[in-house]
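Paired with subunit B in one complex and with subunit C in the other, subunit A is shared by the two complexes that follow.
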Partner chain A sequence: MRLELGKINITDVQFGDLTKVENGTLYVNKQELIDLILEDDHIKSVEIELARPGEEVRITPVKDVIEPRVKVEGPGGIFPGVMNKVTTVGSGRTHVLKGAAVVTCGRIVGFQEGIIDMTGPGAEYTPFSKLNNVCIVIEPVEGLKQHEYEAAARMAGLKAANFIGQAGKDVQPDEVETYETKPLLEQVAEYPELPKVGYVYMLQTQGLLHDTYVYGVDAKRIVPTILYPTEVMDGAILSGNCVSACDKNTTYHHLNNPIIEDLYKRHGKDINFVGVIITNENVYLADKERSSNWTAKLTKYLGLDGAIISQEGFGNPDTDLIMNCKKIETEGIKTVIVTDEYAGRDGASQSLADADPKADAVVTGGNANEVIVLPPMKKVIGTLDYVDKIAGGFDGSLRPDGSIEAEIQVITGATNELGFNKMSATTF
Partner chain B sequence: MSKIRVVHYINQFFAGIGGEEKADIPPEVRDGVVGPGMALNKAFKDEAEIVATVICGDSYFNENLEKAKDEVLKMIKEHNPDLFIAGPAFNAGRYGTACGTVAKLVKDELNIPVLAAMYPENPGVDMYKKDLYIVETGNSAAAMRKAVPAMAKLALKLAKGEEIGSPAEEGYIARGVRVNLFLDKRGSERAVDMMVKKLKGEDFTTEYPMPDFDNVPPNPAVKDMSKAKVALVTSGGIVPKGNPDHIESSSASKYGKYDIDGVMDLTAETYETAHGGYDPVYANENADRVLPVDVMRDLEKEGVIGELHRYFYTTTGNGTSVANAKKFAAEFAQELVADGVDAVILTST
Partner chain C sequence: MVKEIERAGIPVVHVCTVVPISLTVGANRIVPAIAIPHPLGNPQLDEKEEKKLRRKLVEKALKALQTEVDGQTVFED
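Up next, the complex of A and B:
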């Protein structure tokens, strides 16, 4: 499967009469976007706001971040099984509005939504401070249950990203990158001398607002299976979850999975990257056993020499991470795991809820409990009403002057477990 | 600015009183420096000064622990220090544990910066490295010359409240404290680098060495449940409606204790969850789903259990550090025992 990714660099975002891209500026017709989102009866009202890098803007509570993309050649459309037909994607050509994103925010769904600061110390921790963001501030109708509100907010974001992405359809990309993974036997034969490496991609599926969707299927209900890496770039995997902001994989993270990208960089040089195994993080022990048995089985079946395993969330999924690692290592396949830490505000506690000596190669996104002070911002998109309540906040997190003292857990993407950031942790 | 006031703790040997035969001398305090304090004072330049030295025999300290702690602390407190230094103890085991014990005591009771110094294999290191900065030294007094400048440097930094760098930079023994830092490469690239090295059989460094986990052996079974007083404890965040003690939705810093005397059932009007790790709808509709008071009342009525304890304890397990969880349980387990509770049902989420 071969995918060309045409990157259109977006350096500014503005409202305009027409939704279009011109000289690196994304113009958005506000009313069109509002009308589109209000098609959903679950949503009472919506506001569209723009946030650019360096502006004194705080966005919260953030639910999801989505990169606008559009399919220009090849089968299917972006976000298959949800926004477009459930065609197998990942081949042909896709255009990306690089540097732009849709951010869904507004009144809280659960407890686990985040903060994006566009400037200041908080901006250093989130990749989304560097993007030109179209923020969708959603107000649900009265009496909506949390999971119904989550579904409505999720769909609003996807619809907006799908709509905005289409502005890139006929634009000449600034850069085109090609990614290719062949059918297994051919791929193995292409670089017979290189070690075969796969990627075990754990998806958050603890349920009750902790869900991920694959081609429209709730990933709780899948057994581990195999994807071409390029399918992910076309939106085969979507975030539907409210795990802590710092280590939820937003849809933006899935679309731009850095492990897939960096495995491709070494593909044909040091390794033979043969494919992606997706698996879940269900809460029942039988599910954990079955899924980890199957990931181990599939790594063996694919003839892998090594597998990188990434996690999403923390606590309960630490057990899935360690089960996967242990069972894959037992098959004689070398693993590297990517996780983050909850070592307490003082950093002195054990970082993971499970451990095994076989997990001897760990990459960490940092300690999510570390406390940070975020200075007040001139403008708030969304509301500060929930700062004390979101995961990582505490009583008094929001100070009278509008500054926030909280764990970096509150910052969207801060300790990402796909290795999206440069942060790590070390022992002092 | 006035000089930083330092109190120094040493044993009988470094005070020049004697070796093993004098190890039973009780604590005494002398003004100014004694023994290794001289070199430390010099290394402080003019920034700090040892105002008093507390001396105690190693055997005395370890054999009369509680008494010695009181005596030593009193002597230290009297001199009103800004900073406390113990040792260096090198590889002397009892001296090391005494240095660690006193330093921790001073840190906790007087709330001032403290410093010790030992050889990494000194048993005092394992006991106290989490609590203290312990400068790494050689295994005997021959290493004094090297130890003193490192101690003085770190001591001054601590006293001035300056940021403390990594163990390698500052020369202390790693405390097991995780600290965030930004690296040159993003995590995914580091993971792929690590994978390539591991596949080639080259050396690589894990970013998080696996911890040793505590194991808690289960207690023996309760012999007769029909006479047992049973308590409910949950990490599922069930609290009286409105979360009166503001227990955090994640990374809890506290727990709640609530009276359920006469409460037969938790209803949507009276209880809810504060936990941020799951969809609260079903717990808020009926909090018995997480904290089964209704079922316990049935069992009480049916005589299956003796009685349900009148208080339940609750916190949110979501992202809560092991240290906090341990601290909470250590406190309320005492209360449960004192209240004559025979068994506890722990519910999670």
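Up next, the complex of A and C:
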């Protein structure tokens, strides 16, 4: 499967009469976007706000961040099974509005939504402070159940990204990158001398607003399976997560998965990247056993020499991570796990809830319990009403002057377990 | 908590869903529970069935508490 990704660099976002891209500026017709989102009768009202890098703006509570993309050649459309037909995607050509994003926010759905600061110390911890954000501030109708609100907010973000992505359809990209993974036997034969490496991609599926969707299927109902890496770039995997902001994979993270990017960079040079195995993180022990048995089985079936395993979230998924690692290692396949840490505010506690001597190659995205003070911002998109309640916040987190003292857990993407961010640790 | 109470000389049964974590932290008597969001019940069952399930779990835990163990033991059934 071969995908060309045409990157259109976006350096500014403005409201305009037409939704279009011109000289690197994304123009958005506000009313059209509002009308589109209000088609859903679960949503009472919606406001559209813009947030650019460096502005004194705080966005919260953030639910999802989505990159606008559009399919220009090849089968299917972006976000298959949800926004477009459930066609297998990942081939042909896709255009990306690089530097732009849709951010869904507004009244809280769960208790684990995040903060994006566009400037100041908090901005350093989130990759989304560097983007030109179209923020969708949603107000649900009265009496809407939490899970219905989550679905409505999720769909509003996807619709907006799908709509805005169309603006890139006929624009000449600034850069075109090509990614290709061949059918397994051909791929293995292409670089017979290189070690075969796969990626075990763990998806958050604990339920109760902790969900991920694959081609529209709730991933807690899947058994581990194989994807071409390029399918992910066309939106095969979507976030439905209200888990801790710092280490959930937003839809933006999935679309731009840096592990996939890096494996492709080394593909044909020092490794042979043969594919992605997706798996879940369920709440029944039998599910954890079955899924980790299957990832081990599939890594062996693919003939891998090594596997990178990434986790999403923390707590009991630490067990899924360790089970995957242990069982894959037992098959004689080398593993590296990518995770983050909850080591306490002083960093002295055990970082993961589970451990095993076989997990001897670990990449961390940082300690989510580190405390940070975020200065007040001139403008708030959304509301500060929930700062004390979101995971990582505490009673008194929001100070009278509008500054916030909280764990970096509250910042969207701060300790991302795909390694999207800058933080890590080295052992000497 | 399991380890500290045992250190004081009182036997403990750890009823928990994620048995591997319980094994890692060093519990000696482990009774597997239902699921992480509802370890001691199952909201999908009707009230009567659920009560049966819950009673069974408590009885199993009490039985485990009275059982001599030689190292870490998971009480599967």
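Methods note: the second predicted complex is superposed on the first by the 424 of 428 C-alpha atoms of A that agree within 3 Å, B and C clash if a C-alpha of one lies under 4 Å from a C-alpha of the other, contacts with A are read in each partner's own complex, and residues count from 1 in each chain.
One rule holds in what follows: a residue touches a chain if its C-beta (ideal position, glycine included) is under 8 Å from a C-beta of that chain, and two chains touch if they have at least 3 such contacts.
Values in this document were obtained by computation on a predicted structure and should not be read as measured data.
Once the two complexes are overlaid on the shared chain, A:52 sits clear of subunit B and of subunit C alike. Legend: residue contacts after superposition of the two complexes on their common chain; A:355 is shown touching both subunit B and subunit C. After overlaying the two complexes on the shared chain, residue contacts for A:93 are found with neither subunit B nor subunit C. Within the superposed three-chain model, A:197 lies in touch with subunit B and out of touch with subunit C [touch as defined at top]. Of the two partner chains, subunit C is the only one touched by A:285; subunit B is not. Of the two partner chains placed by superposition, A:2 touches none, neither subunit B nor subunit C. In the superposition on chain A, A:206 contacts both subunit B and subunit C. The partner that reaches more residues of subunit A, of the two candidates subunit B and subunit C, is B. Subunit A residues 206-208, 355-356 lie at the interface with subunit B in one structure and with subunit C in the other. Residues 110-112, 124, 145-147, 195, 197, 206-210, 243-244, 258-259, 261-263, 265-266, 270-271, 305-306, 308, 314-315, 334, 336, 338-339, 341-352, 355-357, 359-370, 388-395, 407-409, 416, 418-428 of subunit A are the ones touching subunit B in the complex.
Subunit A makes touch with subunit C in their complex at residues 206-208, 283-285, 288, 316, 318-319, 322-323, 353-356.
Residue ranges on subunit B touching subunit A, taken from their complex, read 130, 164, 166-167, 174-192, 194-196, 198-199, 204, 206-211, 213, 246, 248-251, 253, 275-282, 317-319, 321-324.
For subunit C in complex with subunit A, the touching residues are 17-21, 24, 32, 34-37.
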